[in-house]
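Presented below are the structures under discussion, each in the form of structure tokens.
Presented sequentially are two complexes of chain A, the first with chain B as partner and the second with chain C.
Moving on, here comes the complex of A and B:
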């Protein structure tokens, strides 16, 4: 093993413990990916996610027209080979709008978990490791935020900031912060009392060093699981805000906003609502299934042990 | 390093001491009250000296060691006393200052060797971490030093061990690694808290040999904490027998082992002898260690003491005997 990889931490509970040969137990040492692939929900989740994400990523290749191109002579056309998902009241291709719209819905949800994840993780690490007055203060604010129903909080924030995609991301990220902080704080609180953290302190390591080197890697499985689970929820809420007109503004396509757009003509053109809704549902379910599988596998409640 | 200047008020006895603990009290808050675990413990460790803290579980010996390291976490706190390391007062020292001292001037080895290493990092990385906590060296230099340290504690294939993870090593190997990490910055004082208790007897002997060897080669002062008086007697020049958070007896090892004065020390030695000596009958001290929340008002050992007398209802002070050692018992 090259020395330049010497300081890389293993993902907690990853390959290493599985290499231990338990005498008498003839369980073959599974590598992690192989183990995950044996879980049905993980496979289904990956397939669903691939069905949604690959077309979204390849939107310019898979769609000959842009999402905003109107065609007054081709309004409310049903799905056909020419228009895979039909057209809307302006003659725009639903297929093109679903694919391009996915970039906003998925992109915004990724931004939410990155933003909320980083802020929440930092707060959780600080509160969980230092505890004391600072930790107490952080966690009471977290409790306060958790006491609000998430969607209400998100609505309130967008109402204050004004409707736009960026503000929707900020609003949903604010909802995510306490969820991350709560989970990471628990993991950090547990890890800080492990013997190897005390041993590291006994050798002169300061709080920042211990948080970065010992606590964060130990909390990582919990963070990964939380991220996969919250990514789906974030997509749902970004779409909900879009549906309510508080997210992306027309004519930019976004799944939630498209559902609301097509709702008026649902009786004559179901495709305008059903296709973006189906993509949204597939994305949320796919991500959640992967999250469940990862949770079973990484078992974050045992983080660091 | 700073002994003459900083230790001006600690002149006299502290001058030749690495560590001087005076009247240490370590308490834990619980609800509105406090639980008094360490209740006025004093001892000193001379340069290159070795002191054993002995006593049953719950005697306060481990918390005494942790107090010296400044590793008492809430709800615990040091309620009183002095801890002078090389003449510098550690009680009340800010955490950032303590962190500079830990590992450099005083290091500690813990009971569970496998748990004391982070399972996520290779051995080399963990020993190098200890080196780089106090020395401004490159990672490669630190790894090279780590290899030497592992060889110092008797690991022959240090090059291979550097690249292994803790779970790939035995408990004895892990304990060698933690000792190597503790020695990384050549501390003047090494505290070993039950370093062999979790190990097999044969491995225990190996680790004890290594510690004895290091003691003579490195001239590091040692505080060895153990419940096993026979183990401590092998390593240490001086013994401090603790019970109920207090010192019962202290003195040079030969004197304490050869003619124990305190009934508690006598009980400990009889119990240890009956295990190793094979008289056919295992001796034990009847009764159990008192609950720190219901500590007897007088001598803490009085309820279990075979020679208890009415006077024992008041706590005996630690009194010097003619031969120089100290005993806290009304018999003397």
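Moving on, here comes the complex of A and C:
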């Protein structure tokens, strides 16, 4: 009988970790898409994104003319079956320009999150895991960059580098770097002291091994959420720089630059402004909805905010 | 007091760091600072010699920096060769218009955002809530320059109620202010909702309901009052969004202002003006953030006591 009594606390102790594991199993794993598909905002986001991205990818199939083909006898035509989105002052097809233009806006935004994401993540990992003087220095520079309103930083960088698509990507990526660095630093700081990471260190694992095998995977959900949310913001800013004449230069079609192009003839040809902007808006709203859904799913503590 | 002192010290450090960055910006521009500042006038050897002397370019970088800071502190922000005017005069002409736009945009975003957030929170988890938050989300994501043009199309071209180009009249302010305000309104609405919901579920609110207070009293005295602080945080966060917004809105409506001055000076490579506007906007942003931080302890005695 005394042995039974001894078993009780042992069992209770064993039950605790089991209890933690059980709801996770019942709640279905985060990676399972079924859970996400049950979230309304995720579905709407995917649909919006599909409406925008599929035509952009299929541009050569869906448009019989190229984006730069001029037609002096067909200027400022309104939307019709022949010209789905009408034509501009040179008789160029807005439909073709919107589809091909999406490649620049979306492509540049993807480049921004890849570039900014990699640099920011590396800085965040170094600062958060190694800490020390280097980490301190990195985070103070991050704080300084965050002290500038994003657009001001982007405009300042373009002022130095000059207006072009590549420079716009660099400028917006520089704005993204501190955002990534701060999020990853926070995650790395937390993960480095978790028991399994300590155990790994006690077994003799070096910082490189621990960062790559433990800290990075742990920070990944936060990085994924940040990337989805920032992709929409990046598209907005690439287009904003294009609109201001500080990004893509004409005649290259880019949604923001096209909106600016159309503004001059807004009162006689609304289609030149409305359609490229609508595609941009749909892309940004779609990406943001997906980002929100992912955040609620991967980071339940931030849900509802 | 320690809290205030720490925050003030942090502000000073930040302002110094910002000014170093803005000063170095000119060094990063391709070519020498003199040709960058002079632009078209760089072909005039007399002007080049005078500016080289004035900037102390033959001196070490820290000395140049000090001269520049000294000038800025005395209100000398440099000379815009492109506009043939001192930069401080240019800023003086453009600042009031930006302040007017930002203030009216903030007002619209606060009033609209609070209404949206309260409606969504009171009718939480209903269709009203979903629709309100859908609107908020869409407003945040809409490109402000495009929204501005849509408003122009609807309310200046199709319905000729307002001027296409935002002049100095009050009527000319309506569309720019709404473009700016609507973009920021979504952020406020979402924060107001979540902050109210958090309060509604707190134990003191449950207790207030349990002792028989009616919903209205509970909402006003126990929920709304405590929800003010998070909303103040949002106002702080919005300052950045408002500043970014003014740049684009001023360009859309061809409205004079600091944002438009900045963009035009970047396009015309007028670096003296670029430096000064970046410095002023960043400085303003830092100071307003500090003001918001200092308001916290006044509203919530729990903060700042330590």
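In this section, the second predicted complex is superposed on the first by the 268 of 305 C-alpha atoms of A that agree within 3 Å, B and C clash if a C-alpha of one lies under 4 Å from a C-alpha of the other, contacts with A are read in each partner's own complex, and residues count from 1 in each chain.
We adopt the following convention: a residue touches a chain if its C-beta (ideal position, glycine included) is under 8 Å from a C-beta of that chain, and two chains touch if they have at least 3 such contacts.
Predicted, not measured: the structure shown is a model, and the values here were computed from it.
Touch criterion met: A:213 reaches chain B, while chain C stays clear of it.
Once the two complexes are laid over each other on the shared chain, residue contacts for A:259 go to chain C alone; chain B is not touched.
In the superposition on chain A, contact is made by A:281 with chain C only, not with chain B. When the two structures are aligned on the shared chain, A:198 is found in touch with chain B, with no touch to chain C. Residue contacts after overlaying the shared chain place A:239 against chain C, while chain B stays out of touching range.
Residue by residue along chain A, chain B and chain C are tallied for touches, and C comes out ahead. Applying the stated contact rule after C-alpha superposition, one finds that A:150 touches chain C and leaves chain B untouched. Of all residues in chain C, those touching chain A in their complex are 14, 17-18, 21-22, 25, 28-29, 130, 137-138, 140-146, 149-150, 152-153, 157, 164, 190-191, 194, 197, 239-241, 243-244, 247-248, 251-252, 262-263, 266-267, 271, 274, 278, 281-282, 285-286. Chain B makes touch with chain A in their complex at residues 69, 71, 74, 96, 99-104, 107-108, 110, 112, 115-122, 124-125, 128-130, 133-134, 139-140, 143, 163, 165, 167-168, 178, 181-182, 184-185.
Chain A makes touch with chain C in their complex at residues 40-41, 144, 147-152, 155-156, 158-160, 163, 232, 236, 239-240, 243-246, 256, 259-260, 262-263, 266-267, 270, 273-274, 277-278, 280-281, 284-285, 288-289, 292, 304-305. Every residue of chain A that touches chain B in the complex is listed here, in rising order: 1, 3, 6-7, 9-12, 16-17, 19-20, 131-132, 194-196, 198-206, 209, 213-214, 217-218.
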